[in-house]
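A, B, C and D label the chains in the order they appear, each numbered from 1.
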Amino acid sequence: MVENNKYWALILGGSSGLGLASAKKLAQDGFNICIVHRNSRAEMNEISAEFEKIKSSNISFLNLNLDALNVESKSKIISELKDKLENTKIKVLVHSIAKGNLKSMVSEDNSVLSSDDFLITFQAMAVSLYDWTQLLFENKLFAEDSRIIAFTSEGSTKPWKNYAAVSAAKAGLEAISRSIALEFAPFGIKCNCIQAGVTDTRSLQMIPGSEDLIKNSIERNPNKRLTMSEDVANVVSLLCKNEAKWMTGNVIPVDGGEHLQ
Amino acid sequence: MVENNKYWALILGGSSGLGLASAKKLAQDGFNICIVHRNSRAEMNEISAEFEKIKSSNISFLNLNLDALNVESKSKIISELKDKLENTKIKVLVHSIAKGNLKSMVSEDNSVLSSDDFLITFQAMAVSLYDWTQLLFENKLFAEDSRIIAFTSEGSTKPWKNYAAVSAAKAGLEAISRSIALEFAPFGIKCNCIQAGVTDTRSLQMIPGSEDLIKNSIERNPNKRLTMSEDVANVVSLLCKNEAKWMTGNVIPVDGGEHLQ
Amino acid sequence: MVENNKYWALILGGSSGLGLASAKKLAQDGFNICIVHRNSRAEMNEISAEFEKIKSSNISFLNLNLDALNVESKSKIISELKDKLENTKIKVLVHSIAKGNLKSMVSEDNSVLSSDDFLITFQAMAVSLYDWTQLLFENKLFAEDSRIIAFTSEGSTKPWKNYAAVSAAKAGLEAISRSIALEFAPFGIKCNCIQAGVTDTRSLQMIPGSEDLIKNSIERNPNKRLTMSEDVANVVSLLCKNEAKWMTGNVIPVDGGEHLQ
Amino acid sequence: MVENNKYWALILGGSSGLGLASAKKLAQDGFNICIVHRNSRAEMNEISAEFEKIKSSNISFLNLNLDALNVESKSKIISELKDKLENTKIKVLVHSIAKGNLKSMVSEDNSVLSSDDFLITFQAMAVSLYDWTQLLFENKLFAEDSRIIAFTSEGSTKPWKNYAAVSAAKAGLEAISRSIALEFAPFGIKCNCIQAGVTDTRSLQMIPGSEDLIKNSIERNPNKRLTMSEDVANVVSLLCKNEAKWMTGNVIPVDGGEHLQ
């Protein structure tokens, strides 16, 4: 994949889950990788080992432990990118920022969703896709034919208890990705969402009561297993191929058919 | 429609367009009407005449010229409602708050959409539906079988230039209405969105370049005219009937078939 | 509802389930009722009692025990209708023809779906909607403002084991109803599908293994019960009101929110 | 792509348009190619030249000028395939059978759609996908991990004048592909539909009045050109990669964003 070596993939939220798996796969495809992530020193031990694997693909690598949602950090990230990229460009932007508030709308015992919960989740999971697209665009960092990929879930059209803020944010994210596909088309930018099935990640396991969701998802999946981060990363890779250049504005399920039932 | 006279319909944004038409129709159906609106003294002349028409239906009427999005105003509105309602309840909440920022994502000449444009639009057009539902719920103002109706448009799934912030907000609004339908079902609350066609209102006429949109919409509509506010108010009325009580969580086009093409 | 008494509702498949419930409700709304059904003498005892209830609404009533899918029977039905209607017209056509083949695509033990199973089901459940629309149209039996209503289910977009032929037919039915909405719009015809939830009917109870489906549907329904035929008939009634005349080409869930999860 | 050389791709309707382009691309990917087509001797001159290009990819090639919808021909095709494949398997089935009746539902001058038009179109464009899946399955010709790809269009959800029969068939095709995805999942079969944009093919140019459709499609496409067969073939290729194995039961637009507006 020598032809990719002048291009970069920027992964927002790339130190775990779908983002990390995408980074690994795109490195194997020959892309230089920049990961923006937010982790404590304690977490970095394990993550560094993962980053070493990425570097072993013999590509240029940059990780920035900075908040992708903060104005000052964003300037810093852009500045670091400009230094590092020199004359190369960003061909791939992967948005894997998950920061949602899980609360019920009605509860006798616990606090319920506030207006702010909706706004914070919407900003982090949806508007940030536009912010970053705009930031790279204004700074002329996009390649001539570039691909933006964001992650959504069935929750954008199916309400689940406790997920109202995430549901609204994901619905907004899909709408924003369609607007980006439309308005940035003249500049060679393609933008798609991948609707991942219930994915076997650490964050899933940490949700209270996730055992039931996991069991139920396996049962309902025609292929009888959870989605793995690698399944999704595989399709990220496909969407970055030359052959995918006529696909834009789509929401593409990658779930082994889980959404069918 | 004597049976409705112990129930109120609360219309957020009821001094023009879909909100006003809904208020008129629901008054004819026998509901007492409370309209929350935000208008200057100059505008009130014309609006007062409309309010007089509503009162002529021989129902109780209350209009509150207050900002439905402001925390203090909201307290004031709730307090006024409690005074006025006495032992009666709110059976219908109509959300007709339109406050969106129309800007492009890309422009050489004009300012483009900011992160804040998205957030302000989302809060006004989407989150406020939840806020008001929560407010009436906490204050025990909902009737046992109540109906929440919000207005969306094809723009939630179809991007249009300059409409990205509204598109994301409408997509979020639909998601929130589904979550309300799910989580408030145990309390007898039904929540639906009406997807109105391009509607012949003053605000439409004031959009720069709306002539083309109007001409195009008439042509594409199988019934060869624009949607009128009364068409939509008619379906608001139907959704408040006893016969509609098994409908919830839906997005219902009311557009003479405009969405078909 | 005196204003309806010069109009007829023609119910195809009106001796049980959604069709019968619709006939009852529309009779209460003042429509004259013609039911086309196919029943044995043994079944007619019970059904006649139901028909008597309809007649008690003091409307004109006609039942024709003839096959709505057979060419000769169709001529006979049209001829009988012309005699009976005199100068009145058909304002409502309700399509409630259910005749599907339930087989798996893959089975070690039983016969699997054949090409013919798909065709027979498609003709009975989908194409017949067009055939009857065309038949009434050619014979100038439709009123100036008329409503066509057909019944679909989530199965049109969600595959279920054993339901592939019905799923394809329902998807086709929805497409046909959209084409009717578009092409017959100039003649005042509105056409909508109601997507009923899992409905508590005798035919449901007769499906092998339906206990699980029933239990599961109750659990998943935010309103914690099955859909009843009357819930659906209620919305048929609403769609025949003057207020619904701007709704066409839609698929409208009537399921207490069951489709949400 | 040496790893593909033990696998075959069977293309139904592979002598022109999307089918032929897919065959060419899959041959470049290293698949052996079998094309089933139906052409006159006069047409074969030009087509043979295309087939020679495919053979130049240095793969095994078989073309069968036989009717893929006829029972006897189908037996003959299966028999020829078995001879040719020996111990190799079919990994890819591409369904590109287009045979639809284009007529209006209402016309003063011309004949309108008949019941048979719907049935013939449904059988050719939709049920044949199931028939061929079943035929290859029963004859144990599918590889362990195989991909079925069918072509649909926006017409499945958007009615167009004269396209009612095709619209119903495409909606049925999508439903059948979902059922195949579900029921054949245990046997390693993945099934997806590609929703191609308005594609620049000879058959498009032959439709009366297609100039307007072409002009309109270019204008509405964010990428300002028609879809080309190669755009679609590119995504067929991606869906046959190992990386796509977790995608099934989807309808995937490949249209440069045309469906967005």
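Methods note: a residue touches a chain if its C-beta (ideal position, glycine included) is under 8 Å from a C-beta of that chain, and two chains touch if they have at least 3 such contacts.
Chain labels with UniProt names: A, B, C, D = Enoyl-[acyl-carrier protein] reductase I.
Everything numeric in this text was worked out from a predicted model, so none of it was measured.
> From the C-alpha centres, identify the chain that is farthest from chain B.
D
> Just curious, how far off is chain D from chain B if you go by their C-alpha centres, in Å?
Roughly 45 Å separates the two chain centres.
> Compute the distance, rounded to whole Å, between the mean C-alpha positions of chain A and chain B.
34
> Touching two or more other chains, which residues of chain D qualify?
In chain D, residues 158-160, 178, 181-182, 186, 249, 260-261 touch at least two other chains, as defined above.
> Should the pattern of chain-chain touching be classed as line, ring, star, complete or other?
Complete.
> Taking the touch rule as given, give the residues of chain B at its contact with chain D in the complex, in rising order.
158-160, 260-261
> Can you name the residues of chain B that touch chain C in the complex?
Touch residues, chain B against chain C: 178, 181-182, 185-186, 222-223, 227, 231-232, 234-235, 237-238, 241-250, 252-257, 259-261.
> Inside the complex, what are the residues of chain B that reach chain A?
Residue positions touching the partner: 104-106, 112-113, 115, 118-119, 122-123, 126-127, 130-131, 133-134, 137, 156-161, 163-164, 167-172, 174-176, 178-184, 186-187, 249.
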